[in-house]
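The next part holds the structures, each set out as structure tokens.
Both complexes below contain chain A, partnered by chain B and then by chain C.
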Partner chain A sequence: MTATSVRASVKRAAPAAPAAGRRRSPYSSWFYLPAAIVYGVLFAIPTFASFFFSLTRWSIFDWKFIGVDNFVTFFQEPALVKGLTNTLIYAVVTSGLKVVLGMLLGILLTSQIVARGYLRSVVFFPVLVSTIGVGLTFTVLMNPEKGLINDALGTLGIAGPGWLTDPKFALLSVALVDVWKGVGLATLIYIAGIVSIPAEYLEAARVDGASAWEVFRRIILPLARPATVTVILLSLIGGLRSFDLIWAMTRGGPGFTSDVIASVIYKQYQAGFYGLSTAGNVVLFVVVTAIVLPLSRFLNRKEVEL
Partner chain B sequence: MKSCKVLAAAGIAALALAGCSAGSLGSSDDSGGKVSLSFLVDNTDGSTKPAEALAKDFTAKNPDIEVKVETRPGGSEGDNIIKTRLSTGDMTDVFLYNSGSLFQAIAPQQNLVPVSDQAYAGDLDQNFKTTVTAGGQVYGVPFGGVTAGAVLYNKKAFAKAGVQVPKTWADFMAGNAKLKAAGVTPVIQTYQDTWTSQLFVLGDFHNVVAADPAFAQDYTANKAKFATTPAALAGFQHLQEVHDAGYLNKDFASTKLDDGLKMLAEGTGAQYPMLSAVAGGMVANYPDAATNIGLFALPGTDAAKNGLTVWEPAGVYIPKSTTGEKLDAAKKFLAFIASTDGCAAQAKAYPPSGPIPVKGCALPADVPQATKDIEPYISTPGASSLALEFVSPVKGPALEQITVEVGSGIRKAAAGAALYDEDVKKQAQQLGLAGW
Partner chain C sequence: MNARKNYLLSFLAIVVSAVVFLVPFGFILLTAVKDRQQASLLDFSWPHQFQFVQNFLAVVRARDYMLIIAFINSTILTVASVAGMVVLAAMTAFVLQRKQSRWNGLIHGLVLAGLIVPPAVVPTIWVLQRLGLFRTMPGLILVEIAFGLSFCVLLFRAFIATIPRELDEAAVIDGAGPLRLFFRVVFPLLRSVVVTVVVVQSVVVFNDFTNPLYFLPGDQNATVQLTLYNFSSQFTTQYNLLFMNILLITIPPLLMFLFFNRQIVAGMTSGAIKG
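Let's turn to the complex of A and B:
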């Protein structure tokens, strides 16, 4: 109850905020300086330096200005086209599954079930484990000949595929592990979103004789929209720049079949093509911005209309 | 509030600690005129064991110089560490690193101390010397023996199936058919360790040179390509052929080098294209392999021209950041490595992968059979060639991914070779070579 009243008061106060901000602040602007220095040194300067170095052939020992050649090379990189589509597939699959599973688990874990607190911690637990640890564990579990997963399927009479070694499955296998690891956070956001729905709506619906499905469709789904937006944005950004899990599990392999943009960039960096990999990072920056910025605008506008 | 104070205290403590370690870096050799050298090597047994042995024997001879061995990861990650530490002037006093194209990539003239004027320079094998030379100056001494990229084979499995050591690719494929009929996996491949997939291409280079002696020069000058030179393309085709014919172990995509060596030593697999450097470790785990595992060069088209592709050992170098009495000590240490005592110390600690390219250094009598099989090729004129990476600086970083794809049937040989030709372009441009 307290949570909702705080939310309500914040909302009411919000329109007044800009007007208050325009009044002269009693504090000197110099207070911005420490933050500005930290931001400048750690973010602004490196960002502009990387835009510059993406236009050079850079070998750490020296650099040479070559214009946009790096971008041309990068877009001719055969692994890149594959990496770009893989990145999109990976982001959409993980983001979609996290929304669906996170919402279902969120509803389940806000309903009156036995051992709810315990189950909530169980669902959240994978989020706490190191990504590399998860990756290595699942690499062992998914081994086609000796792994536990295919052994278990074998006892049921199913011949399991080479999860990480078959080009058809490698990327999706990693995506599923990503979902396993990340769904706890999505569930947490959904639990918070669902709990903050005022109980009066649910009571009123029940009095009017709404079925469980109608309660979900007409009340929970629309009113948990801020949670959905947060989950979609967070998991999409996470999916677009995902690297650690893929690197721990397949290293982009077999061959180039599970390469994503981030692993392509990392490989250029490893090979010593620093200018080229910096150009790749600029491309990644542009791609993520181009996808997430409009999407965020779109989703948030819808929220206001509600 | 209390937690704030604790946090602040921790922060101050961290600052104090950082201050301490920064200060003590400069004064690590304050123990009574004793010089301490740090020596960076990669973290494989084949490097750390001989390095420790060298350090120990060297200190026994020079009691006032102490050598501390430090380790780093191998592969591209190690390359990065070397480059970063060199460029920041933070390198150890001496370090171990590849010779050949990787050596050229660390800008030796800018970063390393030349050793051409040292007395031992004349004792180094000429082939090795060319791989650690830049701008007419020699920069390193050899660490370990030459390594062959060849086929390791199980002699018992060969005898059981009635197969002879092949000299041509046709013989090799015929032998594979016999081995398969005898119930043995003919060819072992282990694509979880992606680098192991490159041997069919890189180890075939002697056959390329035999067919086209000018290939390396033309390749460096951007005139010859893998995809358009039949002899060079053959390596990719061979990789595809053994996969398409079903001669690989069925779990090739999910196994690692160690699994492959186990299969070979236990005789479930008959042939494993591999670097001879693995023989030492294999014998430690499977004593039987000392006599049962032999080695032959990758077969080509012409039996008369068949020969071995060899890799020169890595070198030990002194960075320019080593100065003063440390530099004198480092020079002494390099002289020791390039002496017969140094060879003996290394060979005692770990079986060398092949002959050590220093005058007067002989292979110990108890090396594995696979290592002994290298010598006839080396001592016969024209029966061995340096690997491509020692005669041309052009080496693409994605070869191992491409060979995994070709060897797993994901990509065809011709397409793989063409893709590799594109891949090397970046390296050539990065090095600023003419004609790219």
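Let's turn to the complex of A and C:
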């Protein structure tokens, strides 16, 4: 890293021979070209086009400019507003739980316990399994009458709720399954973060007679901060964009009580309201960037000194 | 924490992990081999009779061997798009890391945007349609490459930073041009990170549901994730077949996990330490 920056400053200090340098440079800019074309045509252009088409009534073949009508609809229709608030709830709940559980599991799985390898594998494996498969499996397990979860709660004398059929619980149930599937990744990131903490710090703390809580509070928590930042940002981005799990489990139901922006986009697309669907995309874009960019600035600014 | 192992905590962790994580997979496994009647009870019980072969054949034969076609489609999609991502991202990352230019800031911004910005769905369909690539496998492959590039570029760039520039200089002195320098000298050194990228992205693309749903609709084009979704309505009363299907499409990621656990972990935690 230092070498690179030194070289950079050397280059900046000697701008006299850029032409000769460029001709001889073995790093040709056209290496960017293939990636730039694919990225530009299929990602950048659609993103920019979405700002325009969100202002139209659109049927792929022709469009009619209608100003901000789509956005007005989006913020007036109760079903669509619900999608917006649900997206925020879902993202905050999943990412909060992933941080807390991921950190606890990370500490547990770096401590001296038996069968650590087994535990790490079993916690991580769901990350790799198909989201739709997990969603359908838990839909069955959460069946209110016959499902395994309510059966188990029943034997304990608790009447389980209609996890996915009760409008109060549907979104949170899906969020819990999302955490079940994603906590392994958070755990793994925390394990990597905790393992990279120099052992001397922990030893020094032990010599000074720090309690387990103090070790956690004063050493692990601040020094695993990059891991926390990564987990928060990754799970927020994922949570805000989340579609497949919700679609597999509730399709936004019952009614539209568990709809999120991404499922609204799909529903409007299916119904042929391409302009409205694209407006949903723009809203999602604004929500994601307005939350993630400032947050990542804020979180990355406060570095701890080692 | 003392060096002595904490047996009580270990015991607790193993029991809880078994209930929370193993029971759902056990449920998939058991239901997949049950007969139709017992499967419809949706309980966690030992099968009365094992119908593994019978259920397997029923799922494979359903809808004119749709699952076989889907596995072929998914394989083509995964192999082609991951290969594309690796080559394109490695080339980009190489020049991005080596060459100082005023465009670097912009390119970094675009890479991060690729990770954060949700893809605009209908406009992408519009572009694909204009190019004649909507509802085609090449179209979907290019879409997967475009959406996956950013992650790969970041991994490659971090790794290329560890390769000494003196190597490039030596190759250039020996008369290597840019192409030869990259593909003959640098790319072979990227092997370990290429394995990581390939494994992680294969799992991601193989498990992708949303992009095939939007950009490659139609039964004859189904990928494995879509078969599940198609079957779930058809199999509402045939849970044994639904779970057999889930079981079958879980096998490829399971194999990846068994053989490439280390690389997957390396790839997925790459952001954790640097932040």
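Keep in mind that, in the parts below, the second predicted complex is superposed on the first by the 267 of 306 C-alpha atoms of A that agree within 3 Å, B and C clash if a C-alpha of one lies under 4 Å from a C-alpha of the other, contacts with A are read in each partner's own complex, and residues count from 1 in each chain.
Going forward, a contact is a pair of C-beta atoms (placed from the backbone, for glycine too) under 8 Å apart; a residue touches a chain by one contact, two chains touch by 3 or more.
Given the structure is predicted, the values throughout are model-derived calculations rather than measurements.
**Q** Clash or fit: how do chain B and chain C relate after the overlay on chain A?
**A** Overlaying the two structures gives chain B and chain C room side by side.
**Q** A:L185 in the overlay: touching chain B, chain C, both, or neither? Say first, second, both or neither.
**A** Touch partner of A:L185: chain C, not chain B.
**Q** Identify the partner contact of A:T257: answer first if only chain B is touched, second if only chain C is, both if each is, neither if none is.
**A** Touch status of A:T257: first partner only.
**Q** Just chain B (first), just chain C (second), both, or neither: which does A:P26 touch?
**A** Second partner only.
**Q** Would you mind checking which one, chain B or chain C, touches more residues on chain A?
**A** If we count touched residues of chain A for both partners, the winner is C.
**Q** Let me test your reading of the model: by the given contact rule, A:L148 touches which partner, first (chain B), second (chain C), both or neither?
**A** Once the two structures are laid over each other on A, A:L148 reaches chain C alone.
**Q** Considering only the touch criterion stated at the top, classify A:G162 as touching first (chain B), second (chain C), both, or neither.
**A** In the superposed model, A:G162 contacts chain B only, not chain C.
**Q** Looking at A:I60, would you say it contacts chain B, chain C, both, or neither? Reply first, second, both or neither.
**A** both
**Q** According to the stated criteria, A:G272 is in contact with first (chain B), second (chain C), both, or neither; which is it?
**A** Touch partner of A:G272: chain B, not chain C.
**Q** Which holds for A:Q76: it touches chain B only (first), chain C only (second), both, or neither?
**A** A:Q76 sits against chain B, while chain C stays out of touch.
**Q** For the combined overlay, can you note the least CA distance between chain B and chain C, rounded to whole Å?
**A** So the smallest C-alpha to C-alpha spacing between these two chains is 5 Å.
**Q** Is there a shared patch on chain A that both chain B and chain C touch, and which residues make it up?
**A** Touching chain B and chain C on chain A: residues 60, 143, 269.
**Q** Name, in rising order, each residue of chain B that touches chain A in their complex.
**A** Residue positions touching the partner: 76-77, 79-80, 83-84, 86-87, 105, 107, 110-111, 191, 194, 251, 253-254, 397-398, 401-402, 404-405, 408, 410-411, 419, 422, 425-427, 429-430, 432.
**Q** Residues of chain A touching chain B in their complex?
**A** 57, 59-61, 64, 73, 76, 78-79, 143-145, 162, 164-167, 251-257, 267-273, 276
**Q** Which residues, counting only chain A, touch chain C once they are in their complex?
**A** 1, 3-4, 7-8, 11-12, 25-29, 31-32, 34-36, 38-39, 41-47, 49-50, 53, 58, 60, 108, 111-115, 118-119, 121-134, 136-138, 140-141, 143, 146-148, 151, 180, 185, 188-193, 196, 212, 225-227, 229-230, 234, 237, 240-241, 243-244, 247-248, 262, 265-266, 269, 274, 277-278, 281-282, 284-285, 288-289, 292-293, 300
**Q** Note which residues of chain C are touching chain A in the complex, please.
**A** Touching chain A from chain C are residues 1-7, 9-11, 13-14, 17, 20-24, 27-28, 31, 41-44, 84, 87-89, 91-92, 94-96, 98-101, 107, 110, 114-129, 131, 142-143, 145-147, 149, 153, 161, 165, 168, 171-172, 176-178, 181-182, 203, 207, 209-210, 213-214, 224-225, 228-229, 232, 239, 242-243, 246, 249-250, 253-254, 256-257, 261, 264-265, 268-269, 271-275.
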